[in-house]
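As structure tokens, here come the structures.
Below are two complexes that have chain A in common, paired first with chain B and then with chain C.
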Partner chain A sequence: MAIITVDGREINVKDDALLIDELLANDVSVPHFCYHPALGKDGNCRMCMVEIEGQKRPQIACDTPVKDGMIIRTQSENIARVKRQMLELELVNHPIDCPICDQAGECSLQNFYMEAGLYDSRVDIAKNKKQKHVDLGANVILDQERCVLCTRCVRFTSNITKTHELGVVVRNDHSFISTFPGIKLSNPYAMNVIDLCPVGALTSKDFRFTQRVWFLKPQEAICDGCSRGCSLLVDHNREKYKDDLIYRYRPKHNDAVNGYFICDYGRLNYKKENDNRLKFAYIRGMESEFEYATLKLERLLKRYNSKALLLISPTLSLEEIYRLKKLSQKLDLDINSFDENFDESFGDDMLRQNDKTPNRRAIELQGIESSKEDLQKKLKDKDFVLLINRADVDMIKDLGYDGSIGVLSSSDFLHKDKLDIIIPVASHTQRDGTFINCDDFIQYSKCQIKRDIESIKILDLVEGILNDGVSTCEAVWDSGLKEENFLKDINFNDVRFNSIKIELK
Partner chain B sequence: MIKKIVSKNFDIKDSHKLKVARENDRYSSLKKLFSMSPEAVLDEVDKSGLRGKGGGGASAGAKWKLIPNPSDKPTYLIVNADESEPGTFKDRQILEYDPHLLIEGIICSSYAIKSNHAYIYIRGEYVFWAKRLQTAIDEAYEAGILGDNVLGYDYKLEVTLHRGAGAYICGEKSALVESLEGKRGHPRLKPKQKEPEWFFDCPSVVNNVETISSVPFIIKEGFEAYRAYGTEKNPGTMLFGMSGHIKNPGIYELEFGTNMLEFINKIGGGMRDGKKLKALVPGGSSCHVLKADELEGITLDYESLKAHGSSLGTGGMILMDETVFMPKVVKNLFEFYHHESCGQCTPCREGVSWSDKLMGKILDGNGTKKDLDTLLSLSFLLNGKSICVFAPSVAFIIDSYINKFKDEFYSLVK
Partner chain C sequence: MGFKIVPRYGKSLKDKLYLPALFGGMKTTMSHFLKNLSDTSNIKTECYPEMQPTDITSRYRGVHRLTHRDDDSVRCVACFMCATACPAECIFIEATQREDNVDEKMPKKFSIDLLECVFCGGCVEACPCDAIRMDTGIFTFVAQKREDFVLNKEQLLANKEGN
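Up next, the complex of A and B:
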């Protein structure tokens, strides 16, 4: 531990930590472009200058290790002048086209100008002209004029993905970011450069021009693209006369799981939440009243009892799995969770996992059978199979099953007329729940967006049948989930805010 | 006044050829060199007080001592032949007339820091000199002076000549090392403590051509012989250049501490066509300009020039007579610095280009007093806020030229 004094305030810091990290951690405003905790220092933007007692010149905080007893000033007149003039220089060749820039509202340059700039422009020379629309590949569009050459994107491709697609070319104020000739930006994590870019130079082809960012409401969620379960921010907004739609996923910083990044597959996975949704309940191919269908389902399950099988999906939350297990016990239903959603070419040594479901581990831990052999055996004497949060009807038909089939799904699928009952359920971002990832971290997905599409949460559906008043995640934990062996030392309230590693005894 | 140590062979015909060079004492220091231990050689150079001659004037011995001894990694000597400072052309003379002196210096220096591989990073535009140096290196290999056993002694040394791609900033030592590693020539962040340069993560020494070329004399004659020349703090000699409106432009090797005006008037022969001296830049364009009436009493050494508000730099003087219009000089320099700014850090990338454009605007007759104020305020950010010393050079130009020749600048603006 060391103690430093910042603007007269004493702060406890870690020894040998970087000054900028400690300042930011203690809510001291330090404008910066090039420094990023995941990419390290580069020292090129020169914005993070602070005065250190005993040093003649201002020093950049990103290249200064803390020392016990350091006296730092971030607000002096000299530093204010440095920041103001540095911003002025960044803007000499910047087009200042904020009104048409997608980054506006979440732009470091804008924020720092409002904080440290606020001067009248002295620039009356012609600005350098560069390319405004360069398709770098991987959904990334580059506007060279807006770029402040912090090289975060370049360092991302060289240090993190090690694919080296980007570089700086040409010298002085004519320099710009570019891919190497004949090469496109193409790696599974490429779109992270859009978040890394502090200004509007790199924007997403997918998101640009769809929403002004200040209208978006972020909610936290866990990615359901693979078993890594990266932390996400779900940006959604309800426009007038429209449904509440999701416009993008962004990574949420989480050191335990994904660090600062997510993969492009996960990032674009929000589309399934908006598009191709199952909109109505169906009974034998006919659109049906929603309540009628749920009652019908209850009657079916109660009638078939041991002749019915719940085929659950590893995309369900821990609470849903627990409740469905309970349901199967109460009504004497069979349960299985065979699922083949693996992609051997998907995983890598960064974040992506071959298992493309978010919660297979929870099924394992709750002791639910998931082998194909077990499913085949159980299907033999079944008259009714209910697919839950999945719609792979062909799979069970291929296994020789030809009885009644019901489906609870959030996304639309083909050949609905062949099925007995179909009920739309809440999609991933419409309901909360906990997930256990490939490394045994239990995480809570908070996001509950209220959509116009009629759908039912599986917890509500089960509660309707069991009639025990347990319909929220917290209630499920209290009703017995917390007694499960693997959750012994874990409190639901802790899981809400942190990724917690479960200890298996 | 002229003391020929490094330039001893410059006037001999064919001095760049190995045969002629050997007849004229080249490689004669090696016998003594290999009779000494590397530590003793390093000590000798340190005691001689040899200072780096690339512009900074840091002690060469102190720099060499930063190399860990023993080092668990290979060590390298890198010779900085990326001579591109406007007004400087001294290393070129060594490469042209006495390349074997440099090779001899490389052997001595590499031996001192226990390096078995030396690199010479030569400016890309020096095509002729690169060829000449390569020929000399080839000759040396053939004669067994370089290679597995240097002159039959138990010491291995490889020398590789590397041509730059034409960037002024690669004369900055850390940018040079980056460039030599195959990366973009961007200066590195300065370390907090004194440490060697890291070439592919191995400790390395980067020295100027002239510095390395001064080493054989020190080895052969001993450090006291070197200290006999120059002043206490500036021992030895240096190649001083004169260019511009002088009668006898060229490179002259002088002792440190020579009177500047004497040098200009006696050796340089005074200004051309009987014109009067108006101003001079003492050591490459990156120094503060000095007006003619400020030259009284200046001696050619680091301390004297520093005391007079400028610096010795590379020793390449640019002399300007009374016909010179200073704003045009500044514009010319700005164009150079604008073109050569590497673009890595903000103050330099944007500040230098803005200065250049502002000066252009002023020279076009569209400038106002406010533009000059803007220029002067830019020097605040250029000086000491950037990664390397490129931007401060531009700040020196802004400050010294505009403040010393106010009338000429203010006559241009409304």
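Up next, the complex of A and C:
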């Protein structure tokens, strides 16, 4: 431990830590472009200047290790002047096209100008012209004029993905970011450079011009693209007279699981929440009233009893799996969770996993059978199969089953007329729940977006049948989930805010 | 909640009778009536809509219009500043890529619901491009259906500067 004094305030810091890390961790405002915790120091933007007592000139905080007894000033007249001068240089060739820039509202250059700039422009010569919208590939669009050459994106491709697609070419104020001739930006994590870019130089082609960022409301969630379960920010907005739609996913910093990044597949996975949704309940191919369909489902399950099978999906949350297991015990239904959503070519050694479902581990831990042989055996004497949060009807037909089938799904699918009952359920971002990832971290997905399309949460559906008043995640934990062996030392309130590793005994 | 006691005026007998005040009012009314009847040419009232007002200043906030660039294309870049500033939330914009190299962004749809608009002029103030103005001089807008009060991009572009 070391003690440093910042603007007259004493703070405790770790020995040998970088000064900028400690300042930012203690809510001291330090403008910076090139420094990023995941990419380390580079020292090219010179924005993070602080005054250190005993040193002649201002020093950059991103390349200064802390020493015990350091006295730092971040607000002095001298520092303000230095920051203003750095900003003035950054903005000499900046096009100031904020009205058409997608970054406006979350742009470091805008924020720092409002914080440390606020000067009148002294530039009366023409600005350097560069290329305005270069399609770099991988859904990334480059605006060379807006770039401040912090090289975060270059360092990301050389240090993190090690694909080396980007570089800085040409000298002086003519330099710009570019790919090698004839080569496109292409790696499974490429879109992270959009978040890394502190200004509007790298923007998303997918998000381009769809919304201004200040309209978006972020909610926290867990990615359901693979079993890694990266932390996400779900940016959604309900425009007047329209439905609440999701416009983008962003990574949320989580050291336990994904660090600062997510993969492009997960990032673009928001589309399934908006598009191709199941909108109505169907009974034998006919559109049906919602209430009637849920009551009908209850009657079906109670009538078939041991002749019915719940085929659950590993995309369900821990609470939903627990409740469905309980339902199967109460009504004497069979349960299985065979699912072959694996992609051997998907996983890599960074974040992506071959298992493309978020919660297979929870099914394992709750002891629900998930083998194909078991499913085949159980299907033999069944008259009713209910697919829950999945719609792979062909799969069970291929296994030789030809009885009646019900489907609870959030997304639309073909050949609905052949099925007995179909009820639309809440999609991943419409209901909260906890998920256990491939490394046994238990995480809570908080996001609950209210959509106009009619759907029911599976917890509510099960509550309607069991009629025991347990319909929220917390109530499910209290009703017995917390007694499960693997959750013995874990408290739901802790899971809400942190990723917690499950200790298996 | 506190109460504010307002003193009641007019406690004299004359005030309590009401009639003197009533006749005082009638006197003013009748004097104007007789004056106008004797000289109809001097009446201030205009026979709208046959007569149109002539005293609308250039600062009057009428129906909006979208301005044009020198090459007659739309000036708006769909930055949503007007929609952000609008207190009635009556501006509906959908942005798209502009392909003619004049600029990068333009509105695909831009409509204003005049029934919701409170004509505050906030959008004009907010616009960084001088793309929206309320200087058409149209002080009354007539339509048959509610839907017709929603002006779309083409209608707003067709509106011209008035007086």
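Following the convention adopted for this analysis, the second predicted complex is superposed on the first by the 505 of 505 C-alpha atoms of A that agree within 3 Å, B and C clash if a C-alpha of one lies under 4 Å from a C-alpha of the other, contacts with A are read in each partner's own complex, and residues count from 1 in each chain.
As a convention for this text, contacts are C-beta pairs under 8 Å (C-beta built on N, C-alpha and C of every residue); 3 or more make two chains touch, one makes a residue touch a chain.
Being a predicted model, the structure only gives us computed values, none of them experimental.
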item	value
Combined model on chain A where chain B meets chain C, clash or fit	fit
Chain B versus chain C as contact partner of A:N93, first or second or both or neither	first
First (chain B), second (chain C), both or neither touched by A:E454	neither
Which superposed partner A:V170 touches (first chain B, second chain C, both, neither)	first
Partner chain(s) touched by A:E115 [first = chain B, second = chain C, both, neither]	neither
Vertex chain A angle, Cα centres of chain C and chain B, expressed to the nearest 10 degrees	100
Partner chain in contact with A:F209 - chain B first, chain C second, else both or neither	second
Touching partner for A:H133 - first (chain B), second (chain C), both, neither	second
Of chain C and chain B, partner touching more chain A residues	B
Touching partner for A:P65 - first (chain B), second (chain C), both, neither	first
Nearest Cα pair across chain B and chain C, whole Å	26
Common interface positions of chain A, toward chain B and toward chain C	none
For the chain A and chain B complex, residues of the former touching the latter	41, 43-47, 49, 57-58, 63, 65, 81-82, 85-86, 89-90, 92-93, 122-123, 125-126, 128, 148-149, 167-168, 170-175
Contact footprint of chain C on chain A as seen in their complex	97-100, 104, 132-133, 208-210, 212, 214-215, 239-240
Residues of chain C that touch chain A when the two form their complex	77-81, 84, 89, 92, 95-97, 103-105, 128-129
Sites on chain B touched by chain A in the complex	167, 184, 189, 192, 338-347, 349-354, 357-358, 361, 370, 374, 377-378, 380-381, 384-387
